[in-house]
Amino acid sequence: MYLLRRAWSEIRNEVLVLPSRTLVLLWAAGLLLLPLVYDDAYVLRILTMTCLFAIFAASWDLLAGYTGQVNFGHALFFGAGAYGSALASLKLGVSPWFTVWLGAALAALFGYLSGFLCLRLRGSYLSLATLAFPLIGLGLLFAFPDFSGGELGVSGLQRMITGPTANYYVACVSMLVVVFGLWALADSRFGIVLHAIRDDEVAARASGINTPRYKLAVFTLSAAAAGFSGALLAHYLRVAGPSTLEVALSFQVVIWGIFGGVATIYGPVVAVFILYPLTEWLGSFKQFGELRLLIFAVIVLLVLLFMPRGLTPWVRDKMETQCPRCKQRNSFFKKICRLCGAPLQSKVTRAERLVGHQ
Amino acid sequence: MLQDILVTGLVNGGVYALLAIGFSLIFGVARIVNIAHTAFYMLAAYCFYTLLTRFNVGFTLAGVMAVAAVTLLSLLCYRLVIEPVREHESAVLIATIALGLIFQELMLYSYGGHFLGVPSTIDGVVRVLGVSIPYQRLLILVVAAIMLLATWMFLYHTRIGLAIRATANDLEVANLMGMNVHRVAMVTVGFSVGLAAIAGVVATPVTSVHPHMWLDPLVTMLAIVVLGGLGSLKGSVLGALIIAYVEAITVFTLPEGAHLKGVAALGIMVAVLLARPEGLFGVAFEEER
Amino acid sequence: MQRLTLAIILALAAPLAFAQTIKIAVLGPMAFVQGENHWAGAEMARDEINKAGGINVGGKRRQVELVRADTNEIQSVPDATNAIERVITRDKVDFLIGGFRSEAVLAMQEVAMDYKKIFLGCGAADAKLGENVEKNYDRYKYWFRVTPTKAPDLFRTLMAVLGEIGQQVRTSTKTETPKIAIVAEKAVWTEPIVKGLQATLPKMKMEVIGTWQPSAVATDVTAELSAIERAGADIVFTLLSGPVGISLGRQMGERGMKAVAFGINVEGQKDEFWQASAGKANYVSTLDTFSEVEMTPKTIPFVRAFKQRYGKAPTYNAATYDAIMILKTAIEKTGSMDADKLVPVIEKLEHVGAAGTDTWDKRHDLVWAIGKTTGIAVQWQDGKKVPFWPPQVKGMQPYKMPAR
């Protein structure tokens, strides 16, 4: 009983005070409760895929947004997880519940290797080098078709659980756990160090931070999360093929990440939840279904022109203002700060808002 | 076999060099990673194809029109799409990816996913050192060489070339010196895409034209500029030759591994990066404030 | 808004309409030639059936309604599975036909079997699709492959064709043991065929001088062709499904190579091949499916009507026409639309379609039989795609070798 009251007071004091956090709570609750009211298998399938891709996008943001290592080949980890889990479950005959972790572990290994190779690279060099990794992976896959199934991939995989609703819950719960976990990590001391590395690595090293270790850790962790989602997708579709390593997929996650807002973790998740069902819905129209990638690209371009930092920072700025004294965020309709009582200006000028921006 | 490798590597290297120089230039001057660079190459190819086959325009005129049209289009795209978001590097990245996708989808929609062939400008083969080379490939080599020379003269013997090099070296100081950085950037974009468009016009008779044709050269080109060093022209040319020769050697020595030529090229790039992170001739950038 | 109005009108009109329709989903990459052919073949079947009054389901006549589903499978496998789920749960179709990319069809097959819907494949050649039926009959029995024959059977067809033209080749090259260079794209489907060739060709008194395996999307095969020319090949045996087939045909012509390209060249099956290879790919031959020859009494009328309606010749994906006709026959025989009742009927069917005469084995793959399911072989002669095998079928013309 005490725990319940404690939980309620936490929610009231921490979550409901800010519109953005309230929205997140509503969204999570909505996702979990959806199958109870709306049972359509097609919609559940779309949302399952969305959840899996959301994990993928969030993992990219950890790497790219927080440490500034913009990874153009994130699909490598996705594919590694998919193939790892697929081959393990086929060759060892083990249940998928176990092999997804093996897939994630394999992806983490690839992440460590990639991170190691990229330690000395900076900026655009790193981005372009990472672009090469999944392509090398693809080449190797095609070179050993007996092992990897070549262009057909590995098929005939077991589902983790049968039934569209059950699969939906597996994906949804995994996503909530992983995304919140990544966000909590990014919001902690670990995350502050990552910010420091991105903004000025030399200064971070001068302060005594072992930056290579942090960079490797982030690569490994981000890869593990991406591999996890890849493994889940492979078992959902029951096929793990070279399409999981495609350049298009790597570009897609970069688009989601930047469209949603880098260095937020929740930004890419929002982007996936908006863009993926949207493109799918567009695709169902006969007249311009074939144009959906075009419409997608145009939308992304237009949004970028008006919200160059991404969608979620822009939305958040509309919903919340920052207290000039204690720098904590408050709802837009509040007149005084909820923590320090300082008067909040209703119209903050652009210059002031830039100062001390987080 | 040695002659085959020498000649094949040289000809392919020429095409790659044309693409790589343009990309390297844009990055060096404007700090823009233009993912849509090869997409302009594709647009030029489609334009050339349409003018040649649908409107029956002559080769030279079609080529000139295609290059001019694509260059103008690139300037327009730069003004409308890239310049407003110049400050946010990540936004520029996606903007160029989105542009590339838009061009791909437009071509897919207008022409379908078919593989189209452009007739050769010159027919026939010539035998050099026991290797038969189609005249078209010689043409590519000649054009590439001419354009390299033109680029060198442009950059090192004109005032605007000087401005471009200065801006590439240090943007802020160049601005302080009174150069109109925006105009310099536009000229660079136009020139680079012009090079890519010329590559599109001369190289397409030896490849097929289809909406996804911009992705393979994109990867190779990125490998080349990374290998040679971003922003370095010498590096781009040398990188192009190295990658082309690695590919040629792979195909000739391992016939059953011919599909691995892309992997071999990328492998070389990764290996070089491990040893020398800035690429062969790249300049290690100071931390830019 | 338009869709809503249409839905309201349909909902009001439905009780007044004559009967329910039979909904068949056509799944394919609609932006590409494979999907276009899927749809075109299906349209031809639908119009022909509906004009004749529809399908007789146990006494009641029902019209055929097609649902167009763009799977975009060439670019994205998840898009394909989304599309098939959508047509099953949203559009509530009764039957599924189509498919092209094997990786995507494997995933789509799973979805179709989950819902126990009959899925007739019209494009994917991977043997695994049939193996699934054999391994787990109760789950996968709803899958049948209408075209093509499974990948390993292509080897038998190639050997049959080679046997026919072998003598012509020997006479033209003036040697008893012609030299053959194998150019097979690096892919799973070519592996068993390559091994078969390397083992069988020497027994047919043909010398294999080398095997080259470029990537399926390679646009430049100069290196391979230089080496092949140097080795003095008489025949270039091709196993190509991607655009590398165009590059090969074109570059062989440009170099003026004496060798002749023979085998499988999927790009060579399309009308656009001549233009794509800039008119250089003369004497290139490949296996194919449709031409104006009398494989069955239905072939020539179908091909002519198709050409008239769509302005180009059909590719093998247009066998969706046969797929719908098979469904019609099965439904009219059983008098019901129940999938479980239709499956055993289709299994025992011998269907005379436009592509050939189809029967199925226990993997629900086509039974290989020359003149019935093997299709034809065609050769490009001066801009025209000329059929030349099997020679006993009416309409075949002779195979030509270049003058030496």
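Chains here go by letter, A, B and C, matching the order in which they are written, and residues are numbered from 1 within each.
Operating definition for what follows: contacts are C-beta pairs under 8 Å (C-beta built on N, C-alpha and C of every residue); 3 or more make two chains touch, one makes a residue touch a chain.
Since we're looking at a predicted model, the values are computed, not measured.
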{"item": "Greatest separation from chain A - chain, by CA centre", "value": "C"}
{"item": "Contact-richer chain pair (by C-beta pairs counted) among A-C and A-B", "value": "A-B"}
{"item": "For chain B paired with chain C, centre-to-centre distance based on mean C-alpha positions, whole Å", "value": "38"}
{"item": "Distance from the mean Cα position of chain C to that of chain A, given in whole angstrom", "value": "40"}
{"item": "CA centroid of chain A to CA centroid of chain B, Å", "value": "33"}
{"item": "Residue numbers of chain B (touch at least two other chains)", "value": "108-109, 257, 259, 262"}
{"item": "For chain A, residues that touch 2 or more chains besides their own", "value": "142-143, 290, 293"}
{"item": "Contacts with two or more other chains, residues of chain C listed in rising order", "value": "31, 186, 215-216"}
{"item": "Of chain B, residues touching chain C in the complex", "value": "1, 4, 8, 12, 53, 108-109, 112-120, 123, 125, 131-132, 134, 136-137, 205-208, 210, 213, 216, 248, 251-252, 255-259, 261-262"}
{"item": "Complex interface listing, chain A residues touching chain C", "value": "40-42, 45-46, 49, 142-143, 145, 149-153, 155-156, 233, 237-239, 241-243, 248, 280, 283-284, 286, 289-290, 293"}
{"item": "Chain A partner contacts - residues on chain B that touch it in the complex", "value": "27, 33, 81, 84-85, 87-88, 90-91, 93-95, 97-99, 101-102, 104-106, 108-109, 215, 219, 222-223, 225-226, 230, 257, 259-260, 262-263, 266-267, 269-270, 273-274, 277-279, 282, 285, 287"}
{"item": "Of chain C, residues touching chain B in the complex", "value": "29, 31-33, 36, 74, 185-186, 210-220, 222-224, 226-227, 229-230, 243, 246-247, 250-251, 254-256, 267, 270, 272, 275-279"}
{"item": "In the complex with chain A, residue positions of chain C that touch it", "value": "30-31, 68, 70, 72, 75-79, 81-83, 85-86, 89-90, 102-103, 106-107, 110, 126, 128, 132, 186-188, 191, 215-216"}
